[in-house]
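The structures considered in this document are given below.
Next, two complexes with chain A in common: one pairs it with chain B, the other with chain C.
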Partner chain A sequence: MWKYLLKRSLLMIPTLLGVAVVIFFLIRIIPGDVVELRMSGDTGSVSEEILKSERARFGLDKPVWQQFVTWIAGVARLDFGTSMWTGAPIWDEIKLRFALSMQVAVMATLIAVSLAIPLGVIAALKQDSWIDYAVRIFSIAGLATPSFWLGIVFILSLLIIFKWLPPMVYTPFWVDPWQNIQQLIWPALAVGYRYSAVATRMTRSAMLEVLREDYIRTARAKGLWQKLVLWRHALKNAMLPVMTVVGIEFAFLLGGLVVTEQVFNLNGLGLLFVQAVAHRDYTLIQALVMLVAGFTILVNFAMDVMYGWLDPRIRYR
Partner chain B sequence: MGVLLSVENLVTQFSTSSGLVRAVDGVSWDVLEGETVALVGESGCGKSVSALSIMRLVSEPAGRIVSGRIMFKGRDLLALSAEEMRHVRGREIGMIFQEPMTSLNPVLTIGRQLTEGLEIHLGMTPSAARARATELLSLVGITDGERRLRQYPHQFSGGMRQRMMIAMAVACNPSLVLADEPTTALDVTIQAQILELMQDLSRRLGVAMLIITHNLGVVARYADRVNVMYAGHIIERGTAREIYANPQHPYTYGLLRSVPRLDEPRRERLAPIEGQPPDLTRLPRGCAFMPRCRWRVDRCEAEAPGLRALNGTDHVTACWEAERLVKETRG
Partner chain C sequence: MHRRIAHVVTLATLILAVAVAPVAAQQDKPRSGGELVFVVPSQPPSYDAHQEETFGVIHPMAPHYGTLLRVDPFEKTGTKPVGDLAESWTISKDGLTYTFKLRKGVKFHDGAELTSKDAKASYDKIIFPPAGLKSSRKATYASVEAVEAPDPSTVRFRLKWPESSFLLNLASPWNWIYRAETLAKDIRWYEKNVNGTGPFTFVEHVKGSHWVGKKNANYWDKGKPYLDGYRALFISASAPQVAAIRGERAFIQFRGFSPPERDQLVNALGPKITVQQSGWDCVLMVAMHHDKKPFSDKRVRRALTLALDRYEGSKNLSRITIVRDVGGVQVPGTPYATPPAELEKLAGYGKDINAARAEAKKLLKEAGVPDGFAFTFKNRGIPHPYEPIGVWLIDQWRQIGLNVKQEFVEASAYHPMLKRGDFEVAMDFACGFIVEPDLDLFRFVSTSDANYGKHKDAVIDELYVKQARAADPEERKKILRQFEKRLLDEEAHIMYTLWWNRIIPHNSRVKGWTITPSHYLNNQLDTVWLSE
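Coming up: the complex of A and B.
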């Protein structure tokens, strides 16, 4: 097991290196660079001289491979440099937004899982009853409703019905938890609904499959309580596919909530990403991609460990 | 010895897209205390459904026990509440299933699966249940129980899993064990070991057994009495010795001719029964075996024969032409 963990950790390095190469060269294919974009804001023409000296300041005049080596050497020391657009250290740019996006992702996951598992289990147990149909409508509606639209509905309802708006300025959880929750619960709910719909459907179908298994009949033939058959014998088997979709969604949420963040006026990683690309802020884009990639790999890693815990037949080699 | 279980006119049906499947169609048989009874027949004739009906585990809502009584220790199991029935399952009637590979839960330890019945039915503490579980494993011939209890089913061989199933079935000292083709999925060499084990346990614990099988060799060696089943009906019943030596139904006769026998010199060829079992959604009015029968007469098509005794013993057969069959095959 420990050997496996070590091996998996080491395997992260080539994967991340691959991501680094791809993102580094791909963003340089997009026409325009940060210098041009910054200067174009100013009126009048800018002399070639100034452009050149500015590019030299960012090292953009050097050959691309040399830029890459300089950057990757920094990354190896966890030094992502400074933002080309604002000049601030990357970590300062990302810190708060990462906390915010992470918190929304975690809250949405908690909401989704705590809805999905009971709903999916009940729907499977009462297959084709009115409860099952209600759950299926709930989850199909969830799949069909864009999170940002639901977000707009939330905001408008709060405003019109309660004459109240969630706080518009982000307060970190550790500064004022109550203020923080009041702001972030709404995007978490808006995103969590769709998320729970995906997970509910998966729970339901996995449960239906497991309930038909021979070992469930064996458990019932032993005279166990229905509850025990369900929670001990069925659910643990049905959790594997559910964990998989939860993991995939969770990893996506960290950097993928561009529109929802905009609706709720949140400065999350998704929005930062879009801005960074618009500014051709290479260092920031690279750092964000590496962050999200590293996070995704970690989530996958955690999933694998969880599989082994759920299913003893899975061996780590 | 008293009657332990008596199935009376049991009818179990499935509604499927191709129509109503009459899987068990008015069947009566019984098991005496401590006795081993066999239920024999080709696959699809309703053996498993019979056993599942006793446990009331027929898969609903497609499957339904339509009528009949299942008297067990003086109570009709079909009239019990769900909670009362739960106390019968595992506690008074144990069950062993055919597929040891899929019938154990892959994600729970052997110990967990063996002790949960003890904890629930006998109110044992976890540590007492574990001690008893180790005992049970050694009872079914699995040594090193302490370590085995911590393992998972995939770490057991097929034979060991079936031993574990047997241990689970007898854990709470039931008075009846239903074994649905307990050895069909196993290697031939292991089959004999498992059957020996079951016979031994049955004698030592005084537990009655219903052995479901399609293998008449198993029947001859291990059963006291035999019910032969065809298309949802019992078509012949008698002691194992009688059925084997003196079959009175064309189907039983055919079955016996289709398996190698140890008590006869090797025949040149085994003779499988020609034709296919009937479609259970469209059973004929008369005898269901008629289309495949060498002895059929006009009456077979018009009228289904009931079970009757030819010679005043407990050996009964559902065939109009049984006397002729006996005369012709005796010679």
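Coming up: the complex of A and C.
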């Protein structure tokens, strides 16, 4: 087990290195230059002398390979440099947004899981009954409804019916829990609903498959309690594909909620990503991609470890 | 009986009027207290206004700073300079020396006293920046020979030539006065820090989220500011901006909303919303590349402007986007704007559109441009007002037999495209911070970086200089009309579409703020207060 964990941890390094190479060179292919954009402003007029001096300040006058080596050496020390747009340290740009995006992702996951697992199990147990149809309608509607649209519906309903709008400024949970929940519950619900729809359908189909397995029939034939059969034998095994879906969605939520963040005016990583690309803020884009890639790899790793706990037949080598 | 009822009603009305009058008067009297929450649709890249060009710097940060002069915060054209840190000033008879007396007892937020050294150091940074340091508006002070501080309360500007716009240009909202001592230690200090003499002190900036300021108890103008503080919320998308005002999470957004957004707010909030509207010193223009055929031919350029029915366009486009006024080279309603009778004489501004289009077709034929001639019009990839104006232009040009393809250029790649001259015909735009011909028209001088169409016109260059040095406003107006005729009619170097329309629907509790034609002005917030 420990050997496997070590091997997997070491395997993360070449993956991240690959991501680093791709993003570093890809962002430089896109037309537009951060210094020119930053300095030209709205009038578009800036002298060549200023452009040269700014490029030198950010090290953009050096050969690309040299820029890459400098950057990757910094990344190895967890130093991502400073934003080329604002001049602030990258971590200052990211930390608050990371906390917000992470909280929305966690809340949406909790909402999704707490809806999906009971609904998926009930639908599977009551297959082709009205309950199953109701759950299927609920989940297909979730799949068909974009989160941002649901977000707009929430905002308009709150405004029109209750003449109330969620707070516009993010307050960390530890500063004011009530204010924090008032702001983040709505995006978490909007995102969590779509997320739960995917997980509900996966839970239902996995449960249906598991319930037809020989070991379930054997357990029932032994006279085990229905509850015990469901919880100990069926659900635990059905959870494998569900966990995969939950893991992938959770990793996506960290940086992928661009439109939903706009709708709720959330100062999250998704919006920061879009702004960074629009500004061609190389250092910030690189840091964000590395952060999301690292997070996705970690979540996948955690899922793989969890498979072994859920299914003892899986052995780590 | 009816007369009796009428008397009773009149008496009741009078009693009510007498009773309400003190309340109304009280309502008009500035009241202290409260926090003004407002929306800012952009964000500050750095904190140094001398370098920056976005209102994302001005709106949240102007309340921290003082300027030598400012525009009168209650004057609607935003063209009347009044003293801010300067108490009084004199201009020498030859117009070459401007001497300013500074107010006494003005303090920076760190407690240091303001002296003329601070004003000199700030203006030296703006006009004569050290190598490698950007100063966005350096070119507009080309006439300045030196800035001097002969004594602690006097600042003197010596000019190389007289310039009629100079005083108003010193009221620029960008020219914040910084501490000389700080600049001497680190010229880039103000890029990341705040220390001014303004009515509000800095509290916090949470990147991407908000900016907070609180009342400066040592502000030189005793009794002001009225507000206890302010909070600027950074919201980039327009729907949440409208929602913030509608949900009363914010009182105002100082840049502007579109007509449908205004209507939505008015319908939802009724008397809780007050709408202020003004012409706006922003305009979309069409740049035609003078080195690319057939746009090198002035007949073709003239035909393109003749095809536009600006008056009909104004009626329809003003309902859906932020444009309204038909005008010449200055915002309609401001001191140097073109009188309507003169405007109608310019190509493309006449009221008989059929005659104009017939002339346009004739000109195209004379220039050898075949019917159905196709070209690409490059537009900026921003919805308002670029997209509707682009669609309108294409429709208008089709009416004279041109076949135009519109290509949207991503906002980040737009200016580099214009600078490279990688276009035949493209949307150009200008947004001024004060309505002043010198500031607005410099871009049309042959050597200007913003002359994207690359015209070379010695007459335009000469007329620009002449109007800038004309001391008599009437004389200046005459020269400006010649400049305009040459630019838009005879040579048709560029074409103006419609001037923007600034619409500010704000919470009716916000008082003491007056709209001007520039979203860069009137953001010190010292005169603003909140009613009960």
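Note that in this section the second predicted complex is superposed on the first by the 315 of 317 C-alpha atoms of A that agree within 3 Å, B and C clash if a C-alpha of one lies under 4 Å from a C-alpha of the other, contacts with A are read in each partner's own complex, and residues count from 1 in each chain.
Everything below uses one rule, namely that a residue touches a chain if its C-beta (ideal position, glycine included) is under 8 Å from a C-beta of that chain, and two chains touch if they have at least 3 such contacts.
Bear in mind the structure is a predicted one, so any value in this text is a computation, not a measurement.
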* Evaluate whether chain B and chain C can sit on chain A together after superposition, giving fit or clash. => fit
* To do: Have a look at where A:Phe264 lands relative to chain B and chain C in the superposition and call it first, second, both or neither.
  => second
* Given the superposition on chain A, which partner contacts more residues in chain A: chain B or chain C? -> C
* Which of chain B and chain C A:Ile29 touches, first, second, both or neither -> neither
* To do: Answer with first, second, both or neither: which of chain B and chain C does A:Leu310 touch in the superposed model?
  => first
* Asked: So, A:His233: does it touch chain B (first), chain C (second), both, or neither?
  -> first
* To do: Would you sort A:Lys222 into first (chain B), second (chain C), both or neither based on which partner it touches?
  => first
* Structure fact -> When the two complexes are superposed, chain B comes to within a least CA distance of chain C, in Å, of 48
* **Touching residues (chain side chain A, partner chain B) in the complex** => 213-215, 217-225, 228, 232-233, 236-237, 310-313
* Asked: What does chain A use to touch chain C in their complex?
  -> 31-33, 36-46, 49-50, 53-54, 85-88, 92-93, 96-97, 152, 155, 158-159, 163-165, 167-170, 262-265, 267, 271-272, 275, 278-280
* Structure fact -> chain A partner, complex, touching residues on chain C are 44-46, 52-54, 131-134, 136, 139, 191-192, 206-210, 231, 233-237, 239-240, 243-244, 246-250, 268, 410-413, 415-416, 418-419, 431, 443, 448-450, 452
* Asked: Where on chain B is chain A touching in the complex?
  -> 55, 57, 86-91, 94-95, 97, 99, 102-108, 112, 116-117, 120-121, 152, 154, 165, 168
